[in-house]
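Both complexes shown next keep chain A, but they swap its partner, so chain B is in the first and chain C is in the second.
Now for the complex of A and B:
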């Protein structure tokens, strides 16, 4: 092993360390539609449903350690080598391990919530070893906001700053409120599973997180009228060769306010195009393009493979026992009361 | 050389601070980092519910009084996949909880680290259960 190799691996380790320290989520990039595919087994024949459609059915997982956006510290580095990927995986797994107690008595430690056994985020980067899930633009990052969107963001931040962290449940994100995780849902800490079911004329996709189901007609009907706005948008599908293309519009303007959402700060004008291509027995090449000219200076594309997962898929009835919402609201009230008492004490001195 | 590389990487690993890996909702908004708590208690009831399971335990204080605490955990789905079932944690078992008290001061804490009194980890799945991940790993 040469000195140069050690030096380059050392530099990579530093980049990874810095990247992990960065507070920003991630980003990525990729090439064409087959970017995430693994080598198809020679014996594999693409299965068909009874009515002759390419068969995408089954239970799939999108768990991966690859970040959405390429960390800035890895700028210019589109792909890991095999060895670098292994080091990166090792470091991210160590870093994410919730059983570590490096910073006791801090909010960061509280936020890790519970033992690592409750998490299920996958152990590998994507098979292409790209350093981001974003494949276009080539820098692997969400494109710059338009001036209009920048103004919107500033106004939104200003309005938010006038409120406490939990004055109302409406100050909390849509995931915490059990409303939606958005669709498509990016990989997160657990419940990264999807079930695809096809019947003639319709595809249904069940997302395990909050057990949301997307019913996608394939019969060529137009989108609903513009004034109907939906949490998951209005989807229409069609086949282009072996690829299922799903075109979604009519989003409402709040989907940005959920964790692990697909599309950054996209507005209700979001036009989403997804592509599902079965590439071997255990893999669907999955990509989506985010197009919202009122928010982003250019469209951008994400590729995150779906890998066959063992069933069954479980229900995740988020409202069933969401005591957390009541607890964090009562926590905020208790903190306000304590702050008011403290202020009164100071005032009387 | 490989050993040297490992040393370099390990050294850098020590510099890493742990960033929040978010659960369904913000635990930092619900529990108080300034109020860590260690509890030893006997399970009285299990709520295997979503989005988070809750473990109810009776904790005997130094004054002999028994107080019931609620301990927040994660989604049952992940544990089911690992072969951990409702029979793996049942009323009567004794556990240790290292967590943080809720911000509103009630007897709730998160199970930041939950173990058995003998130090064993609580949530290691058992093999041969027929659970999805168990079958996948071919155990």
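Now for the complex of A and C:
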């Protein structure tokens, strides 16, 4: 079932890539969007909190159709033209439409999981029309792994190959287990909202996904001792001009899945630096840099704007409603039992 | 005419000064009402900080002697610490069928207490669990972040739309009553408990919380519980909440899902083939 689904997605990806490459890209068009931003910024006065800090407060969304890494098919192409962006958006939206019926009454028909009303992926690429959220390195891809990290990945893959897809909950990713989607949380299918509140000396960020709260002290205190290791790490913030800079260390050494996480397989040595800059009434320019010399051959930087969202943010009780976990584990056990019975039947013939 | 008036103004001003001096110099029991909390820029009492209760209400909100725990292997570590109780009058006015259900919950708590599964704790239980919580207070939203399970809730100070569905942590709408933050909490589901002793509620639960600063280091936390499906009348809890004074105090992660997975899913793990 899943094989067929993945195969059809692959075919679709190629179609999208072909469609996108067809229009001749015009160099220099990306500049126009930068110019627009500058013009808009002139007529806008940056708000301040009562104690004089740049005001980042409110409810924001990072939903976007732009992928983290530049698709291979778009190698060398940093920006879409306006027309290409529109075509890309159209294609992705069509591909994402979970209500479509490709092959009624087949496994593929139900493999789209939730109905479309559940999803909240956004409808646009990022305003710069960059073809990846990774802005550095310039190829828009996660940098090569160090030899040490390659060894680690091989060991992981080997251990993984000896197990089924659901021998236990530990074979499922951290999002499915309702533990974390990490911080920073990348745009995903739904729950892309954030609430930021500020008081003197503290910024707090509520991530809608798994109701995770990050509380960031701004008082210059050192990080917690090195034996304290956390899923979201230990964050400290300070202002550089109008930019909130958040420095995070003390991550734990749990496997970080590339599909759900900010930092593409980074280790516990990850040093994360995030930068929040309010650029207009409805936008925070948000960037983060992943620095982990034991994993990546160079640091890399992601930019994904936060745009004002209407709110309110409702409770996402993930673990409490995680019937999926019990069901997929019991499903896997039922399949094994059926296979064993089938084998026994054949053996007795 | 003018002289007596002037005299009255003078003497009341003098009285105020004397009273103020009296309060500053000789604080004594019963005068906590006079405490004036520091203000936020919008003139409200400043409740920002990291707070924690210091009682055994999470084990049992009613007065109770120490008793053995239910897991033999845990010995003294798993025992229930004694407590004076936090329920006003110590009586919880259960309707008869609900009283039977409470008893059943108590006997079955090892299986049925939602805390064991790391579920969101609900309100007011979140406040008196043995973990700190942090208040981040702004004029529009007050964010309450609890260390237990990474639970959180937003108290809306600006008349939000009604909650479209039931929740674990409730839908919180706040207002100021003098120096007291009053939070009206509704839209609960029927899945949370008040404590490990099986005290429970239905989805008709209505909670009114009152947070009143009584010193730089403490709040009084009062709760009114109303649930006509379970109780014959409203009832109250009350307790102090203390400020965590460590200079480096901060919430740490207690993401307990991973501590409950073996318990919840262990029977579904693939067994080694024989």
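Please note the rule applied: the second predicted complex is superposed on the first by the 296 of 349 C-alpha atoms of A that agree within 3 Å, B and C clash if a C-alpha of one lies under 4 Å from a C-alpha of the other, contacts with A are read in each partner's own complex, and residues count from 1 in each chain.
The rule is simple: a residue touches a chain if its C-beta (ideal position, glycine included) is under 8 Å from a C-beta of that chain, and two chains touch if they have at least 3 such contacts.
Here the structure is a predicted model, which is why all the values come from computation and not from measurement.
When the two complexes are overlaid on their common chain A, residue A:323 makes contact with chain B while staying clear of chain C.
Once the two complexes are overlaid on the shared chain, A:228 sits against chain C while remaining clear of chain B. When the two structures are aligned on the shared chain, A:96 is found in touch with chain B, with no touch to chain C.
Applying the stated contact rule after C-alpha superposition, one finds that A:312 touches each of chain B and chain C. By the document's definition of touching, of the two partners only chain B reaches A:117; chain C does not. Set against each other, chain B and chain C touch different numbers of residues in chain A, with B touching more.
When the two complexes are overlaid on their common chain A, residue A:281 makes contact with neither chain B nor chain C. Once the two complexes are overlaid on the shared chain, A:50 sits against chain C while remaining clear of chain B. When the two structures are aligned on the shared chain, A:169 is found in touch with chain C, with no touch to chain B.
In the superposition on chain A, A:105 contacts chain B only, with no contact to chain C. The intersection of chain A residues touching chain B with those touching chain C, taken from the two complexes, comprises 166, 178, 312, 314-315, 317, 320, 325, 330, 332-333.
Residues 1, 5-6, 9-10, 13-14, 16-17, 20-21, 23, 87, 90-91, 94-96, 98-115, 117-121, 165-166, 172, 175-176, 178, 188-191, 208, 259, 309-312, 314-318, 320-325, 327-328, 330-335 of chain A are the ones touching chain B in the complex. Of all the residues in chain B, the ones that touch chain A in their complex are 1-2, 4-5, 8-9, 12-13, 15-34, 36, 47, 49-52, 54, 70, 72-82, 84, 100, 102-106, 108, 110-114, 121-125, 132-133, 135-136. Chain C makes touch with chain A in their complex at residues 40-42, 48, 118-120, 134, 136-138, 140-141, 143, 145, 150-154, 156, 160-161, 163-165, 167-169, 191, 248, 250-253, 255, 257-258, 261, 264-265, 268-270. Within the complex, the chain A residues that touch chain C are 50-51, 57, 164, 166-169, 177-180, 195, 197-199, 202, 204, 206, 210-213, 215, 217, 221, 224, 228, 230-232, 312-315, 317, 319-320, 325-326, 329-330, 332-333, 336.
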